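Okay, got some structures for you below.
Next come two complexes built around chain A: one with chain B, the other with chain C.
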Partner chain A sequence: MLATYLFFGLALLAVLGALGLILFKHPMNGAMSFVVTLISLAGLYALLSAKLIFAIQLIVYAGAIMSLILFIIMFLNIQERDLPIDSNRWFYLAGGIIVVAPIAGLMIKIAKSLPEEHPELIDGFGDVKTVGHLLFTEWLLPFEIVSILLLVALVGAVVLAGKRGVN
Partner chain B sequence: MINNYLALSIVLFCLGILGVVSRRNVFVVFMAIELMLNAANLGFVAVSRLHVNMDGHVLALMVMAVAAAEAALALAVIILLHKHKGNLDTNIFSLLKG
Partner chain C sequence: MSAELVLSGAVFIGLALAIPTIMVLTAVFGPRSGGEAKNAPYESGITQVVGMADQKFSVKFYLLAILFLIFDIEAVFMYPWAVSLRELGVFGFIEMVVFILLLLTGLIYILKKGVLNWR
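Let's look at the complex of A and B:
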């Protein structure tokens, strides 16, 4: 079963990348390990035969959003002494684990109790054509609202960050 | 098969919560929120594979568009705060505290 091995390898990479994100001290190292998580998630989408989402995850998330974040991190030129002192980070981490772990255990138990079936794929599942058809017929109104949201975010970012002589 | 994907999605979401709770660096908090969005996306796509129904894919697309908008705005706000305070600590950014 190649798919099972691939799943466990990619899942391990994703969890390791997420652990690196929350444990590395410098945000640059955290961002690089988060890129590993995003790329292995793209591989998982490909295993689930979601071809369009696979491509968009690579292009938009691992490409555009992460390069924007990396650009800003480098732009602010963060040194070791600029970082906040995370002295009681392990304390908060332990508290968070105590709160989150029972909920996560319960939800994983629920997920494991779902039926084990693996239904046959229909023709063109996850293709650009079929997903696009769905997007422009049943999901037309949410699509338009998202386009307005993107426009508002664009204008807002320019207004916020593009001001000259703030002081 | 699908159960493992959902379990992975839950684990990633909880790691995102832990990142938001335990770190004070504003970049790490922001990327942990992105991690939670990604975990939700994985859940959508997995359930969509279980039911052989592509609505989950469209929802994942919407989440990605919202994440892109959020990234643009949040990074602009981070630049402004860094310009004003010269710091990246989330505890410094308590401007609305009464």
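Let's look at the complex of A and C:
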């Protein structure tokens, strides 16, 4: 019962944060609402007993990705006067709703096709220990390939950023 | 109470109750003072303000943020590894050494490239 209340509370916070992200005029306010969404998503992951994903959501998304977004906002340094006067705001909003509507329909279809009975979770589902054990025994090769992927991303970032003459 | 409920409950209480409460309390109880002297950037000495506080940052900082993200993901992989290290034994240790050595070459690369040099 408590889990249901928590789910609705966190879902409401996530939706409110997402609304703030698109409705706030100043980018910094939008970014801060996005943090609310990311953190409440972490809470939802915890409700799904995905404890490792909960930690990763907080460390990587609410931490590192958010700092990237804030850095972009600080580089561009958008002032109130730089923002365009979007008089067609409601027109664009309606267009966006039309584009997203099929996805929402698909989501409702998925939600309706979910099984009624709750399947029993295996012991230690989503635990940091269980996932770690699986990752480092069965999924060893993908794990090592991840390090090469990260290396490629690192070199790519340095090469691409150096191109413009960082001085 | 299970760990799931504790974790998500802590997130909910923090987001929906604790942070707004702290913000409201600071707004209510915080001391307020105004005046020209208080709002001046410096009390004395510098009379001419140069530029604005919210100036643009060098793109160089952005590269640092990307590099931080990459090493952050590396650190995330160490979390499940550290928790199940006892079961994995020496084999698991060697796995992580290979992983870190591969990323260490990346660190050496950015050091040689002089990305971390400030001037």
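Just so we're on the same page, the second predicted complex is superposed on the first by the 138 of 167 C-alpha atoms of A that agree within 3 Å, B and C clash if a C-alpha of one lies under 4 Å from a C-alpha of the other, contacts with A are read in each partner's own complex, and residues count from 1 in each chain.
The rule is simple: a contact is a pair of C-beta atoms (placed from the backbone, for glycine too) under 8 Å apart; a residue touches a chain by one contact, two chains touch by 3 or more.
The model shown is predicted, which means the values in this text are computed figures rather than measured ones.
With both structures placed on the common chain, the touch criterion links A:18 to chain B but leaves chain C unconnected. Here chain B and chain C are compared by how many residues of chain A each touches, and B touches more. By the touch criterion defined above, A:38 reaches chain B but does not reach chain C.
Of the two partner chains placed by superposition, chain B and chain C are both touched by A:150. Of the two partner chains placed by the overlay, chain B and chain C both lie in contact with A:49.
Judged by the touch definition given at the top, the superposed model places A:93 against chain B, while chain C stays out of reach. Touched by chain B in one complex and by chain C in the other are residues 44, 48-49, 52, 56, 60, 64-65, 68, 72, 75-76, 131, 135, 143, 146, 150, 153-154, 157, 161, 166 of chain A. Residues of chain C that touch chain A in their complex: 2-5, 7-9, 11-12, 14-16, 54-63, 65-70, 72-77, 79-81, 83-84, 87-88, 92, 95, 98-100, 102-103, 105-106, 109-110, 113, 115. Across the interface of their complex, chain A is touched by residues 1-8, 10-12, 14-19, 21-25, 27-28, 30-32, 34-35, 38, 41-42, 45-46, 48-52, 54-55, 57-58, 60-62, 64-73, 75-80, 82-84, 87-91 of chain B.
In the complex of the two chains, the chain A residues touching chain B come out as 7, 11, 14-15, 18-19, 21-22, 27, 30-31, 34, 37-38, 41, 44-45, 48-50, 52-53, 56-57, 60-61, 64-65, 68-69, 72-73, 75-76, 78, 82-86, 89-90, 92-93, 95-97, 100-101, 103-104, 107-108, 111-112, 114, 116-122, 125-126, 130-131, 134-135, 138-139, 142-143, 146, 149-150, 152-154, 156-157, 160-161, 166. By the touch criterion stated above, chain A contacts chain C in their complex at residues 2-3, 6, 9-10, 13, 36, 39-40, 42-44, 46-49, 51-52, 54-56, 59-60, 63-65, 67-68, 71-72, 74-77, 79, 128-129, 131-133, 135-137, 140, 143-144, 146-148, 150-151, 153-155, 157-158, 161-162, 164, 166.
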